[in-house]
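You will see subunit A twice below: alongside subunit B first, and alongside subunit C after that.
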Partner chain A sequence: MRAEQKSGSLMAGPYAAFLLVFAVYPIAFALVLVFLQWDLVTVPTFAGANNIRLLLHDGRFWRAVANTFVFLSIHVPLQIVTALALALALNRQLAGRSFWRAAFFLPVVISGAVVAILWSHLYATDVGLINRLLVKIGLSPVPWLTDPRTAMPAIAVMVTWKNVGFYVIIYLAGLQYIPRSCQEAIEIEGASAWQRFRYLTLPSLLPQTILVVTLSTINGFQLFIEPYVMTGGGPLRRTYSVVLYLYNNAFAYQKMGYAATIGVALALIIGIVVFAQRRLIGRAEAL
Partner chain B sequence: MKQLRRIALYAGLTIAAITFIYPFLWMASATFKPAAEAGSLALIPHDITLDNYRTMWARAPFGRALVNSTFVATTITLAVLVFGSMTAYAMARLNFRGRPALNAATIAVLMVPGQLTLIPLYTLIVQLGWIDTYAALIVPYLFNATAILMLRQFFLQIPQSLIDSARMDGMSEPRILFTIFWPLSKPVLSIVAIFTFMGAWNEVLWPLLVVREQNLMTLPQLLTVFALGGGAGTVGVSLASAMVLVVPVVIAYMFLQRNFIESMAGSGIKG
Partner chain C sequence: MPSVTFEHVRKRFGDSTVVEDFDLVVADGELLVLVGGSGSGKSTILRMVAGLEEVTSGTIRIDQRDVTALPPRERDVAMVFQDYGLYPHMTVRENLSLGLRLRKIPRQEIDRRVTWAAGMLGLASLLDRKPKQLSGGQRQRVAMGRAMVREPKVFLFDEPLSNLDAGLRAQMRIEIGGLQRRLKTTTIYVTHDQVEAMTLGDRIVVLADGRIQQIGRPIDLYRAPVNRFVAGFIGTPPMNFVEGTLRENNGQAVFITEGLSIGVPREKTLTANPTQSLTLGIRPEDLRVESSAAQSVDDGSSAGVLRGRVVLVERLGGTSHVHFDVAGGGSRMMASVSNDRLPIVGETIVVRVPPERVHLFGADGRAIGRTAEIV
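Entry: the complex of A and B
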C-alpha cells in the first residue's frame, strides 16, 4: 500500500507540476494581467479597471465580436445542414463507403494555414478558380475577399468546407444509435421519407446537433489564421476576428494587460453564448 | 424510381467528393505549372516545370522548417504517449494522495478556452527566456489533458488480476505499464499519437507568438510568413511551399485513413 502511494505520486507528480505551471498559473495570471499595464520590457504597472473600461468602449473589439456573429450566423446553420445531408447519404447501402468518408474528411487533416492560402487563390477576383468558373457559365466575377459584404461569408463557407467531414463522423455515429425497431415501426405506419426524417431521425440526432452547434461556435470564436492569411482583417475590418485582435495587441502593440483582458472577455463570451444556445435548443425541443 | 434515386444519390456524392478533393488536386497541379498557366482550371499542366519548387526552396528555409516541424511534432507525440500514460496509469490504477484533485483539475483545464491562457503563457515564455527556442514550442505541450483522460479511461478497463500477478512477480509499476498495459492499449495509443502529432504539426498561432527567428520556424508558420511577406510572389510558388506541409500528411492519411478519422473525430481536434 505504501509502495503504491509512492509509485503513484512519482508517476503523477510531473503532471501535477506541469498543470501548476502551464495551466493553473496562466489562468490565475490572466486575471491579474487584466489589472496591469505591461509592455514586457518595463516593469508592469497597476492599471486599475482601465483595461476593462477601455474594452467596453473599444469599437474595434466589438466590431470583431460582431464579425464573429456574422460568421456564426452563416457557418453554424450551413455546417449542420451540410454535415447532416452528407451523413444521411453515407448512412445508406453504399458502394465504396470508406472512400466517400475519406474524401469528405480530407480537408479536416490539412492545416488551416494551407487551406487559407489555397482558398485565397480560389477566391481571387481576377484569376481565382471560382470566378473563372462563374465566368465560364456566363456570370460576372465576384470580388469575394475584397468586398466588405462578401468577405466574411466567403470565409464562413470555407471553414464549413474544411470542417464538415468532422461533423459528418459525429452525425454518422448518432445515426447508428437509432434503433432498427423504431425505423421499422415508423415505416409500417406508412410515414413518408420527409416524415421519417422530421419525426424520427432529426429528434434522435438532437445530442449530435447540440455538439455540432457547440463545437462550431467555439471554433468560430477562435477564428484566427483565416483572416490573418486571407484578408488581414479587412476589407473595412469586416473580417477582423477577436483572436486576431488579441494577437495584434500582444505581438504588434506589446499590450499584455489589454491582450489578456480580451482573452478573458472572449472566454466569458464563449461561455455565455454556448450556455444560451443550449438553453434555446432545450426549449425548442420541449415545444 | 428506385433506380433513379440511387443514381441521384451517387451523383450527389460524386459532386460532394469533387468539391473536397478537386481544390487539392488543382493545388498540386498548379505547383508544376509555369506562371502564365497558373490560373487555368486544367489539372494536367501544359508545360511541366519544377521552377516553383526551386524558387520556394531558395527563398526561405523550407527544408529547415520541415526538420523543425518533424522534430517538434515527434518529440511532443512521444512525450504525450510516455508521460501521458504514466500519469494516466497512476490516475487509473494507483491510490495516491491528491488523485481526486488531479482528476478534477484535468477536467477543469479542458473547459477553459485556450484564448484565456494564451497571453499569460506567452509572458511566461518570455520571462523564462524561451523566445526563439525549441523549448517554447515543445514544453507547453509535453502533457495533454485530453490524451490523459482517454488513456485513463482505457486503462480502467484492464483487469486488476494482471496487475496483481505482475506485482507478485516483483515488477515495478512503470514496468507493468510498459510491458503489460501498452501492448493491450495499441488502439488508444494510436488514437492519441495521431491527434497529438496532427495538432502539433498544424499548430500555427503559438509558433507565431514565440518564434521570430526564421531558422526555428515550423512549416505552417514559415508558410504563413512567406505568403504574407510577399516572398512567394506567384500562385505556383506559394502553393509549392504549402505542398511541403501537405504531402507528408496526405501520404500518411492515405494509408491510415481509418485511424485518422477515428482519432481526430474522437478527440475533437480540428487542425
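Entry: the complex of A and C
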C-alpha cells in the first residue's frame, strides 16, 4: 500500500507541479492583485476595494461585456448549426470522406493570428475576395471590418469557421453512438428523413450539444486574438472584447491590479452563464 | 390476405452470394421461423422484407403487392430487433406511440392502442419510464408493444430473445407464441436457436449458406430431415452420426460399421447404391440402453446391437445423457436415457439401435429413401 502510494505520488508529481506553477499560483496571484495597485515596475500598494468599485462603474468594461454577448449570440447558434450539418454530411458514405474530415479540421490547428490575418484579406473592403464576389454578382461591397454593424458578426463567422472542425468531431462521435437498430426502427415506423432527424438524431445528440454550447461559450468569452489582430477593438469599440480590454489594461496602461480584477470578473461571468445554460438545457431535456 | 411471397429472391454483397434463389410463400396468419447458423442468410432475408436491404434480384410481395423497391415506411411491416432498438430518450409511452404519431393517427386512437398493448404485455405501470430503467424482459415487451400498436400486415422478429438469459428466454418464447396466436398477424421469426424454432414455428425453414435446406412443420423436420445438415441442426441433443457401408445380406440391406451391423428396412434404402459409403444417423432419445455387459448379446449380422464403454454421464434431472465409445469402433455416441438405471463411467453397456428409427445419408449428405417427401 505504501509502495503504491509512493509510485502514485511520483507519477502525479510532475503534473501537480505544473498545475501549481501555471494554474494555482496565477489564480491566487490574480486574487491578491485585485486588492493592489501595481504598474509592473514600482512596488505594489494596497488599494482596498478601489479596483472593484472602478470596475462596477467602468462603461468600457460593460461595453466589452456587451460586445462579447453580441459575439456569443451569433457564434454559439451558428457553431451548433454548422458543426451539426457538417457532421451529418460527413457521417454519410461519401467519396473522400477522410479528406473532407481532415480538411474541416485543419483550421483548428492553424494559429489564430494566421487565420485572423488571412480573413482580414478576405474581408478587405476593396480588394477582399468576398467583396469581389459580391460585386461580381451585382451587389455593392460591404465594409465588413470597418462598419460597426458588421464587424462583430464578421469576426463571429470567422471564429465559427476556425473552430467548426473540433465540434464536428464531437458530433460525429455522438452520431456513431446512435444504435443502428434505432435508426432502422424509426425508418420502418414511417419516419421521413426530417422526422428521423427531429425525433431520433437531434435528441440523441443532446449531450454533445450541451458540450458544444458550453465549450463554445467559454471559448467565446476569451475572444482576443481576432479583434487584436483585425480591428484593434474598433470600429467604435464594437469589437472590443473583455480579454482585449484586460490585455490593454495590463500591458498598455500597466494597471495590473485592474486587469486582474477584470480577469476575475470574467471568470465569474463565465461561471454564471454556463451554469444558467446548463439549467436551461436540463429543463428542456425534462420536457 | 396479408401473406408474404418470395419469388426467386437473391442477395449478393460484392462477390459473395448471401441468399440464393429464395422461393417461399408465408401464409396469412402463419408464424414462419427462419433458422440457421451465422452466415446462413436468415437475417438478410428478414431485412429484405423490411426494406433495410436491397434485393439483388427477384420479387418480394406483401399482400400481393410488389414491395421489392419500396422504402421501409411504405411496406406496413413492424420489426422487433435483437437489441430492441428502443429510443433511449423517450418514455415507454412515447416509444409505443411514435410510429402512430408519425402516421398522424388521431390521438384518441393512439391512446386506445397504447393502453391495449400495454395491458396485454403488462406494461401499464411502466409507461412513464425510460428504457434504461427497465429490465431486459421489459424492454423486450416494449419492443413487441411498439410492433403491435402499429397493427401492421407483417411482424418481423430478428433474434428477439438472444439478449435474454435462459429463464427469461423460455418465458418470452411462450409469450410471443401466445401473442401471435391471438393477434393472428403473419410473422417471420429469425433465430439461430432450434429450440425456439421448434416451439414457435407453424413451419420452419432451415437455411445454410443462403440456401433453403428444408421447409416443413417442426415435427416433420425432426422425424424426416432431408439431409445431414437438417438432421444435425434440428433436435436437442443432436443426432448421432456413424460412417459405414451398406451390404446386401440374404436379401436384406445391412448397414455395417465397426462395432455395429444393423438391418435397415427396405424403404429406407430404396435410392441407395449398394456398397456405397453412407452415414447412419440415430437420435440419442431413440437409442435403448438395454443392460450391463454381462448379458450375452446376439452378434448376428443384423442385430442392431452395439457395445459401448461409458465415458461420461451428464445428469440433467429428468433424463441423463450417456456418452460412450462404440466397442471395436472408435466413434463416440450419446444416448438420452431416463434415470432409472444409470450406468457408471467405465462400464460397458449394450445399446439397441431400433432399425425403424435410423436415418441414412449418402456421401452428398442427402437422406436416402426419402426423395419423395422432400419439398
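Remarks
By definition in this document, the second predicted complex is superposed on the first by the 266 of 287 C-alpha atoms of A that agree within 3 Å, B and C clash if a C-alpha of one lies under 4 Å from a C-alpha of the other, contacts with A are read in each partner's own complex, and residues count from 1 in each chain.
Going forward, a residue touches a chain if its C-beta (ideal position, glycine included) is under 8 Å from a C-beta of that chain, and two chains touch if they have at least 3 such contacts.
Computed from a prediction, not measured in an experiment: that's the story for all the values here.
In the superposed model, A:Glu189 makes contact with subunit C only, not with subunit B. When both complexes are overlaid on chain A, the residue A:Leu139 reaches neither subunit B nor subunit C. By the touch criterion stated above, A:Leu56 is placed in contact with neither subunit B nor subunit C. By the touch criterion defined above, A:Pro203 reaches subunit C but does not reach subunit B. One of subunit B and subunit C touches more residues of subunit A, and that partner is B. In the superposition on chain A, A:Ile110 makes contact with subunit B only, while subunit C stays out of contact range. In the superposition on chain A, A:Ser181 makes contact with subunit C only, not with subunit B. By the document's definition of touching, neither partner reaches A:Leu236: not subunit B, not subunit C. Using the contact criterion defined above for the overlaid structures, shared-chain residue A:Ile272 touches neither subunit B nor subunit C, since it reaches no partner.
When the shared chain is aligned, no partner comes close enough to touch A:Val81: not subunit B, not subunit C.
Put simply, subunit C touches subunit A in their complex at residues 50-52, 71-73, 75, 77-79, 81-90, 98-99, 102-103, 146, 150. Of all residues in subunit A, only 179, 181-182, 184-192, 195, 199-200, 203-204, 206 touch subunit C in the complex they form.
Subunit A contributes residues 1, 4-9, 11-12, 14-16, 18-19, 21-27, 29-30, 33, 38, 40, 86, 89-90, 92, 94, 98-114, 117-119, 121-122, 127-129, 132-133, 161-163, 165-166, 169-170, 215, 218-219, 221-222, 224-225, 228-229, 242-243, 246-247, 250-251, 256, 259-260, 262-264, 266-267, 270 to its touches with subunit B in the complex.
Note for the complex: subunit B touches subunit A at residues 9, 12-13, 16-17, 19-21, 23-24, 26-27, 30, 38-39, 41, 83, 86-87, 89-91, 94-99, 102, 105-106, 109, 112-124, 126, 139-140, 142-143, 145, 148, 172-174, 198, 201-202, 204-205, 208-209, 219-221, 223-224, 227-228, 235, 238-239, 242, 245-246, 249-250, 253, 257-258, 260-261, 264-265, 268, 270-271.
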